[in-house]
Structure formats: C-alpha cells, structure tokens
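Chain lettering (A, B, C and D) follows the sequence in which the chains are written, and residue indices restart at 1 in each chain.
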Amino acid sequence: MSRKRGFASDNNSGVHPSVLEAMTSVNEGHVVAYGDDPYTAAAIEKIRKEFGEEVEVFFVFTGTAANVLGLKAATENWNSVICADTAHIHCDECGAPEFFTGCKLLTVSTPDGKLTTELIKKHLHGFDFEHHAQPKVVSVTQATELGTIYTPSELKEICDFVHSYSMLVHMDGARICNAAVALGVPFREITADAGVDILSFGGTKNGLMYGEAIIFFNTPLSQNFKYVRKQGMQLASKMRFIGAQFDAMLTGRLWYRNADHANRMARLLANEVSAIPGIKITREVQINGVFAIVPPEIIPGLQKEYFFYVWNPETSEVRWMTSWDTTEDDIMGFVKLLRERMAAK
Amino acid sequence: MSRKRGFASDNNSGVHPSVLEAMTSVNEGHVVAYGDDPYTAAAIEKIRKEFGEEVEVFFVFTGTAANVLGLKAATENWNSVICADTAHIHCDECGAPEFFTGCKLLTVSTPDGKLTTELIKKHLHGFDFEHHAQPKVVSVTQATELGTIYTPSELKEICDFVHSYSMLVHMDGARICNAAVALGVPFREITADAGVDILSFGGTKNGLMYGEAIIFFNTPLSQNFKYVRKQGMQLASKMRFIGAQFDAMLTGRLWYRNADHANRMARLLANEVSAIPGIKITREVQINGVFAIVPPEIIPGLQKEYFFYVWNPETSEVRWMTSWDTTEDDIMGFVKLLRERMAAK
Amino acid sequence: MSRKRGFASDNNSGVHPSVLEAMTSVNEGHVVAYGDDPYTAAAIEKIRKEFGEEVEVFFVFTGTAANVLGLKAATENWNSVICADTAHIHCDECGAPEFFTGCKLLTVSTPDGKLTTELIKKHLHGFDFEHHAQPKVVSVTQATELGTIYTPSELKEICDFVHSYSMLVHMDGARICNAAVALGVPFREITADAGVDILSFGGTKNGLMYGEAIIFFNTPLSQNFKYVRKQGMQLASKMRFIGAQFDAMLTGRLWYRNADHANRMARLLANEVSAIPGIKITREVQINGVFAIVPPEIIPGLQKEYFFYVWNPETSEVRWMTSWDTTEDDIMGFVKLLRERMAAK
Amino acid sequence: MSRKRGFASDNNSGVHPSVLEAMTSVNEGHVVAYGDDPYTAAAIEKIRKEFGEEVEVFFVFTGTAANVLGLKAATENWNSVICADTAHIHCDECGAPEFFTGCKLLTVSTPDGKLTTELIKKHLHGFDFEHHAQPKVVSVTQATELGTIYTPSELKEICDFVHSYSMLVHMDGARICNAAVALGVPFREITADAGVDILSFGGTKNGLMYGEAIIFFNTPLSQNFKYVRKQGMQLASKMRFIGAQFDAMLTGRLWYRNADHANRMARLLANEVSAIPGIKITREVQINGVFAIVPPEIIPGLQKEYFFYVWNPETSEVRWMTSWDTTEDDIMGFVKLLRERMAAK
C-alpha cells in the first residue's frame, strides 16, 4: 500500500514521533478515567502557560466537536451564529452546528475568508424581536480556510465590535499554530489579548493523532461545560492519551516547529510552481496552503502520484496543503512532475 | 504520580502493547483521512470475518457515541427505546440518547440487569396511537452492567419477540468480548445468529486506546449512517489509528486473551474475598466484575491504595472491575489488604 | 352526525357560550398581532389577579405545548425531569418533552398518581457527576391523571423539598380548576403560596376552544421565554382570541362554575353507578373523572351510545370524564343504560 | 382602545364573519377530540376537491408550524434546505426550522424574492460527501414575502429541476390565495400540477382565526406525520373548530373573495399613492402588499393613525399590507393623510 506523502490535507499525515513517544510513555499502570489524571492536568497546565493562567480547558476528539461544543456553550437554541460562507462550521461539518446547538448560521460572503466589522454588521439587526433568531456569536477562523490570517489588531477590532453588541467571539483555531508562526506572535496576542471568548485549539493538524482543546477565555461560559461535553459524546475515557499529546505538542515548542516547517514548505512550493508557465497562484500564501489554477486535464494524473483536492471545479483551482512531515524532496518531486505535465500538454 | 492498578474500571487501564505497536506501525507516510485508507479497510475486513461478511462497520470514538449513534440509526424522534433501568444508556450517558435521538427511554426494573420478553412486554402498547411515543428499539447490554450474561438462546428469544412487533434490537457490547469468552461462543452466536440488528462493539475496555465499532447486521439501517456519524462529531480524521487498533485486537485473538485474562482475574478475586469473613459477594461473577458488600467504614482506606467505586451507597455494595492488565499480584495484594482491614475492624 | 355528549374526555365538549361570545366581541377592527394588543393585556391582568401581581404569563395553543415549553424554560439539555409514571408529559405527549428539551424523564411508580418526597428521593443522586443527567425539575400534575388531588400542604412539602436541592417545581395544571374547586382554595394556595415555579394553566378542558397559559411564579425563568415560545411554534398571530377566552374564563368566576359543575356531575355518576351490582369504582372521585371496573363484554355496546375510553385493558378499568356541559340527563341516561346492560349479562 | 384598521399585516385583521359563524355552528355537543370528528373530515374533503383527491391533509395552528413540520417530514437532520434570503422560514421563524429539523438553511440572494433554477444551482454540490449537509428541499414562497408571484410554468421548471436531483419542493403558501387570485388559476395549477411536494396552505391571513393546513401531494412523506405533528405540539384537541374554519373558507369560494378584495385594495392604494409627489413604489404590486419609499421623518406620524411596518430602515422602504377587511375608506383616508404630510414637509 502506498504511503507517499501528498498535499491533500494536513490531516493526511501521521503523528509526530515525539507525540507518539509521549503517548507510549504514559501507558503504564492505571489512572482514573475521564480526565481526572495527572497527565491531563499537566497538559492543561501547559496550555495555561501559553494562553493565560485563568483559562478553562476541555479536551475533545475532533475539530468539528471542538467548534460545535464551543458554540453550544455560548448560545441558546434561538440564537444565530455569524460566520464567513467559507467557514468550516458552515461547509464541512454536515450541519452539526445547527443540529447540536439549534442555532441558525448566518453567512457572509468574503473576498478572502476573513470577516470584518462591516461584513458582520449586515446581520446585526432584529435584536429583541422574537421572530428573529437572536445574533449571539461571531465565529472567525484563524488561519482561515483560504489560508489567510487575521492580524492581532484586526481581531481586536472585531472582538471589541462584537462585544459592544453583548455578543461573543468564537475562534476556530484548527490551524492557529500556523497563524501564530506566520504572524510571529504568541498565542495570547491573537486570542486572550484580542478578546476572543472561546477557542478551538487544534492539535490534529499540527501532528497529533487525535484531540482538540476547547479553551474558554470567558470562563463563566464553561461553568456547566462538562455536561455538554459528556452529552456531546466527547468525553474520552482514557483521557491521559490526549493529555500526553498536548503535553508533547507544548514541550520544546514542538507546535512551533511543526507549523513553521509546514508554512515554509508551502512557501517553497509556491515559489517553485509560480515559475512554471501556465500555473497561477490564486491567493497569497500566508500559512501551509497553496491555491493555484491548474489545467483540468492534467489534474487526475498529478493526483495519482501526489494526492490533493480540487477546491473549485468551475475554475480548476486546486489546494495543496503541506504538513509537519512534508519534505523538500516531496516538494521538488511534485514540482518536477507538474513541470513535465505542463510541458507535455 | 501513582500508576498503581486498581479495580475502578476496565478503562482505567492503559493500552495493550500489541495495540500500541500496531498504532506505531501505521504512522509512516500519508494516507487519505476520514477512513478511506487501507488500515481501516483491513480492520473492517477482520470484523467481517468475526461477525459476518455482510455487516456494515463504522468506527467512532466512544462507547456512548456508539450506543447513541446506533440508536439514532434505528429510530425516528418520536420513538421510544426500552432498556433495563441499570443500562449504561440510561444511567451513564448524561441523557445523550434522549438529546441526540429525541426518543424516550422506557426503563424496566430487573433483578440482574437482564431484560426478558416478560419485562419488555410491559411497555409494548400504544402502537399507532399518536399521543404515545412509539416503541421501536429494545436495547440489551452484553455483558450487563451488573456483570451478568445473556445466553444465545435468551438473546434469540428476545430478538424474535421484538421483531414480531416490527421493532429492532440494539446491543451495547462494551464488554461483549468478556461475554463471548465466558459463554465460550463465537461473536456471531450472540449477535448475528441471535438476531441482533445493531451492535456497539467495544474496544476501549478490551485494551484499546480509544475507538468503538458500530456493527450493522441489519444493513439497510446503515444506509445514510455516514452522515449521522459526521453530524454526530464522531468521524475521525486520522482514522487509520482506529483501524490499526481493531486490527491488532482481532489478530491472534488478542481480544480473547485480554477478556479471558480479565475474567479469570475476577474469578480469582471473588474466590479469595469470599473467604474473608464479613465480605459478601452479591452477584454471580460471570465476567470481569465482582460486586460485594463491604463495611462502609473501611472503604475509603481501601480506595486510597486500590481505587474502585461504590456501586450502591445505601447497601455499601462496591464494584471491583478487573482488566486485561490486572495481575495476580494485584489481586493478592488487594485481598491481603482487605483481609487486614476486616480483621482490624 | 352524532353530537351526543359522552364521557370520553373533557376536551370532547365544545366551547362555553360566554367564551364564544367573548371571542366574537373582540373580532372587530385591527389590533397588533402576536400579543401586543389590549385583549391579551386584559387577560394577563386577570390572571395576575388570581395568581399574583408579579407573575409572568405567556399564552400557547395546547396543553402539551404549555408543559413542554415550561419545562424547556427550566432546564438545560443535560437535565432530567422527575414525574409520576402516569404523568401526561410521560404518557401522552409522544416524547415531545424529551425531543424539545433534550432532557431525560425519570419516572416514579405511584399508587395514586401523586408524587411524594419519598418517591422523588429515589432519583436524587448523581449530582455534579457528568455521566449522570442532572435532576433539575419535579413535575406534578394537579389534579392528577388518576383524578386525585394534592393538598396545599402536600404541595408545599414537595416544593420545599425540591427547592432544598436547588431544583424547580413544574405543575401541569390542565385540570387545576377542578382541583381548586374540589379543595375549596384559591389558585394561589396551590401554586404561588406552595412554591410552584412554573404552571401550565389549562383552559381547553374548562370550556375554552384552545389556549393554555404558562405562568411563571419564578419570573427569572421567563426572561427569554418569548424566543422559546416563538421557536416552539406557539406564538399566535391573532392572539386577541386567546386573550378573550381567558378573560371570559376569569370573569364572574366562570372557571369555577364550569369546574364545579363537572366535578358534581362526576360525583353524581359515581354515586349512581356504585349502586349497580357488578360495577366497582376503583379510585376516589375527587374531581371530574370516575374510574370503574366494567365487564369487558359490555363495553363496546356502551361506547356506541356514550363514548369513553378504556383506561386499563388488562383489568377492564374504564375512565368516565364529565365536563362543563355534562347534564344530569346525560348521567341518568348513561346510568340507565349501564344498569340494563349489567342486568342483561 | 383603538380598533382602527391599519396596514401592518393581513394578520392584524379579525376573522371573517362567515368563518366565525361556522365555528359557532359546530359548537354543540361532544365530538371525538384530536381530529377524528366529522367537521375535520368535511374540511379535508373540501381541500381535496381543490387540491386533488389523493392529497393528505393535516391541520396545525400556525404558519411557522406548518412550514417547520412540513420541512421535518421531508428531511433528515443532516439535510439542507435551500430558500431565498427573504424567506419567512429564514427571517421570521426564530430559527425554528433549524432547531426542529436539525437542518441547515442555505440562502440565496434574489432580486425579487423568487428562486430560479440558476439561483438554486449554486447550492447543489457536495452530494454524497459526508462533510457536507446534503441538499434535500427547495422551499419557495407563493406569493413571496416581497409580494411577487411565481407563474405556473416557473414553478414547474423549478420542480422539475429539483426533482432531477432527487430533491423535494416545499411551498410556503401563507398567501397562496392571493397568488391564485392574481394569477387567475386554480390552486392545483400552482401546486400539484407544477410538482410541489408539500404545501403550507395558509388560512389565518385569509380571514381565519387560527389554523393552517399542511398538504402532502407527495403522500408517502406523510406516512408517519401524525407523530411529527403531535411531538411538534401542534395537535389540536378541539380540532373541529379548525375544520369548521377551513370548511367555511372553501365554501362559496370565500377564500377567493377575501384574497381578491385584499389584492384590489392594494392596487387601489398603489395607484393613489403613486400620484403623490415624493412617494416611490418600489416593487410591482401583484398581491395585497405595497412597498414604497417614504420620507423617514413622516413615518412615525403616519403610523400613529394607521399602523404599518418599516421594511428596510436604511432605505426608508415601508410595507403596507391590505386585508380581507380593508375598505376603500381606509385606503382613501390613509392616502389623504399621506398627501397632507408630504405637502407639509
């Protein structure tokens, strides 16, 4: 079976060896299940070091779960959640946010996947009017699904604006490590300091096996969250293995190294392919994804050797994601193939 | 930090070394996420070998998820689910079945955690009457939460009876390995052959790190299940690691050895403690759990050294669970402690 | 088509003429829809006169809606609601409470449809334990589905007990008028003064066409209730017609006269049939229902002339409900028929 | 209290006298509750005369309920529903569709409130992809919230297109009577014949007190609908009074006369106000609503005498709805006032 690294997604890669080692190292003996164990406690401690001593942290299995349960903690059934129409919560979670929270998602079309106060404003009406689902949360993705990044000041402006309506800010941080590296800022600057209320802190795309953390900066929202998590079927019995993974990720800045590497590989890829006649990079490469227009007739052949997804079939725009384990050889091999196929057209 | 093995639960133990090794062995390279990978396919193949070539298999993260999503696949919102009042779905899932399926749970008081056609019958009325939540599923647990087992013929009788009402049988098999070992029968005999429609096939309590399988014997019920799983936030991105675990569990009958060992340790424990004056075993020991009455005043002291749970505070009945990694030394050490404490009373 | 009055239910009767007249009288001209009209305001004023100046009142269409939305206002999805296993919310609402609130219903078997602190206590455990749906509401029915009544002091004892667990008391008052009349007490004594938090104040069974009121004694629970009602599809556009009905019901103590009459008719019926050899009254007749054992072979014949329901097919226990419009002739005609059929056996 | 007729909405009016009379006429005696009565049967018969002998009909209380329960009958939790971004189900039902069905609403921006196959197409992708909520229903409103109408051929084109994707068409017919009158076609031509699967047939805006009908042309969808309705808290006990209203509405074409009158009053209003300098009619007047730009400073003064709503505060566009009971005097009085206020500016 083929184990070739492709560019389909940063979750097609395996687990970073240090993470796997950490998991193995906690395997011995019995610890209390469901999170009341020392490994989970240690991981939470490390997360607090990064994000703030006061934050409340809950581990779950998947990014979708982190987003959905976080939104649940912030809403009543009759609320609405505002997001970009490219947001993962809108496009890729099979309606789980609506089903689980009961809320309406209000989408905004954006040029680059990023919300602005202007774009949000469109949906800020109907307050106190019982016929209207009440706007309660704005959900931003950092980095966005289109590979763009919010600056700390952009986030702060959004958070201040949203809070001025007594609303809350949720951040889908499936790739927050890539964003922090690209911006060269600590996590706090794009979360707690900016005013984010709830964060989905992604681990899987940074080299973990499974596990995401929901971080509450607005801690009263977490008051009864343990029940939400359990009823949401996201309470791990052998929690220590999630704890160990996050511990490893936050030890020796592994998260930074993994994200930095992936980002650099994307830049390398972008530089190389932009030199190939007929290939057009369509979006600024800020993190670990490259979007480009590729002639449709050569796509299947490329995919056979290096798997990746077509982002927009109508424009023949593809997405290439790099990962913590992408090598320069992977990049150069793919570039070579692409150059050959373009020449042979 | 203490890593002493206690008797709290079979999910307080770690991961079997062979399972961990299998996880490590699939880590290299990229594979397609979300289950379309060769490791997941191989695991499903092995499950089909055990349970029937025709079954449909879906992996999820937790036992609660396996139960709840399985019930969801079998019901409409206005159905009801009949179960023992000791069932995990009723007592230990924080209302997830009701919340996620919309269904009513109808409970039956039982002497031993086991349903019978007589007990089920009580709730079989109001069919076609729109004021009444329509009975649709009977959920049995094999082995039960009280450590008892249904025989193949008992299961067959229940399934035939339930099917005669055009209803379905769900089995919570969190400890089905322990039951199969105790009965000395292959899985099929207590599932497919008996007429079970949907099974939660538990892995975590048998030495896995995480991961349970939902097995559909009644395959039309699985038709759209992939959406149910995704919306239920239970679709793993790096699915290969669940596949690898189940593959390992079903290789060389590891599941059997693990369950058999745990069962034997429970019998050893029961034999030993029943010889201690003042300790009363309260239930027949059929699998890997021992229930006993212990004087309340000595319980905290015992728990400090070997953690376990009080099952019924009113009667001072405790539950001791053994696991795949319980050793004879663990047993004898605990028995010694218990004997001393009883003597010192 | 037959318009004969039977004993099936107090909602098989029509609308009291004064109520219909009141509806007609508010028909002229335009008023603002959805409750912001003077007729609705007037009705709420009258309800406050009866139940307390501070209460918050919301009208809905059906008794099921009143119960379910009231429970929704008092719970989170991961809560449980304790009730008698004969409660309407458990037996006759097609699982709407579970579906709409997400909560688990915990039932108690009772001799007479009435909860006691002893019976409730059974379910009061697992607090703060995330695996356990958290008990939050005790729901009592006044008068009960078995025709029994809680005294003010019984209610007070339950409310005090429930509140001591930081839980809430919901009352299904579909027949609270019949109870108040039977007890000879004002509404307040069996609601606000006893400590009830939320009441479903039934109108339809007292001679209205449609419409029930949810009364919040615990007013903070009503804070966002307007959204719950609208999302619950229970906000009437032409609300004035519900307002007019409640206004009429509370004018000149119409509610009292209607309930008193129905209660008296039930007593008359009970007195008469208890004199018929072979007929056994099975429950004390406290309100407008009579339960009796009737030989099964004569039931269909009786039903053809005076429709009523079999309560328990196994014991051949039937339920005869009287209504505001039941006449002495209805009673005597039925008694005569019953006597003849018994004699002819 | 003021009972002046305004132009706020066609549900601010009262009940047509013939309807009220019909309700009164069925009040005598007992009939079986919950719809098994002759009046309900007669109304269904009349609906079948209009819409097709094969249709299945269920009465509910509100338009929101009709829409939401109809959508529920056509969907699974993981489906999506496509509608205009001005649709009532999106803007005015407090998120009830999402909460009750679990589905995602996918909105389309339209020039005139009307969907087209081109506009729908945008959302028709991601089929069979489990990350994507599966498109299942297209919901059209006839007449639309902007007062526009689909022609029979436009509807047919949409239905054929939608069906070619194995999807379903839902129609919100809160004002279908106004549309049928304006088009001069029988109901069937814009429902059954066009291919509509489920219709919310509105009564309240046509002069009823309360009550809407859900009509299934695609009758297999109605198979278990009685449970959906009951669990949706929309099963009326004294159903005969809804039956009587629909019977009256369909007797002597009362529905036609009511809608025709309202439409004519809107045309009169539009003609008159368009002659006033400074008032701009913004949308073609096809049914009983007039949209116009009015200087913001005079709006409050006008509203005090004739209540109406501002449709778009940013453009100062208002909406004036006429009703079955609007008189020419109402129109001329309002026009006179408007002319005076405009002159006095």
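Structural remarks
Convention: a contact is a pair of C-beta atoms (placed from the backbone, for glycine too) under 8 Å apart; a residue touches a chain by one contact, two chains touch by 3 or more.
These numbers were taken from a predicted model, which means no experiment stands behind them.
The greatest centre-to-centre distance from chain B, using averaged C-alpha positions, is reached by D.
The interface of C-D is repeated, with over half of its contact pairs matching by residue number, by A-B among A-D, A-B or B-D.
Computed centre separation for the pair chain A/chain C is 51 angstrom, with centres defined by C-alpha atoms.
A separation of 42 Å divides the Cα centre of chain B from that of chain C.
The mean-CA centres of chain A and chain B are about 33 angstrom from one another, to the nearest whole unit.
Touching two or more other chains at once are residues 77-78, 93-95, 99, 102, 130-131, 133, 227, 230-231, 235 of chain B.
Chain A makes touch with chain C in their complex at residues 34, 76-78, 102, 130-131, 133-134, 224, 226-231, 235. Note for the complex: chain D touches chain A at residues 77-80, 90-95, 98-99, 102-105, 107, 130-133.
If you check the complex, the residues on chain D that touch chain C are 1-6, 8-9, 11-15, 20, 23-24, 26-33, 38, 61-65, 68-69, 93-96, 99-100, 204, 209-210, 227, 230-238, 240-241, 307, 323, 325.
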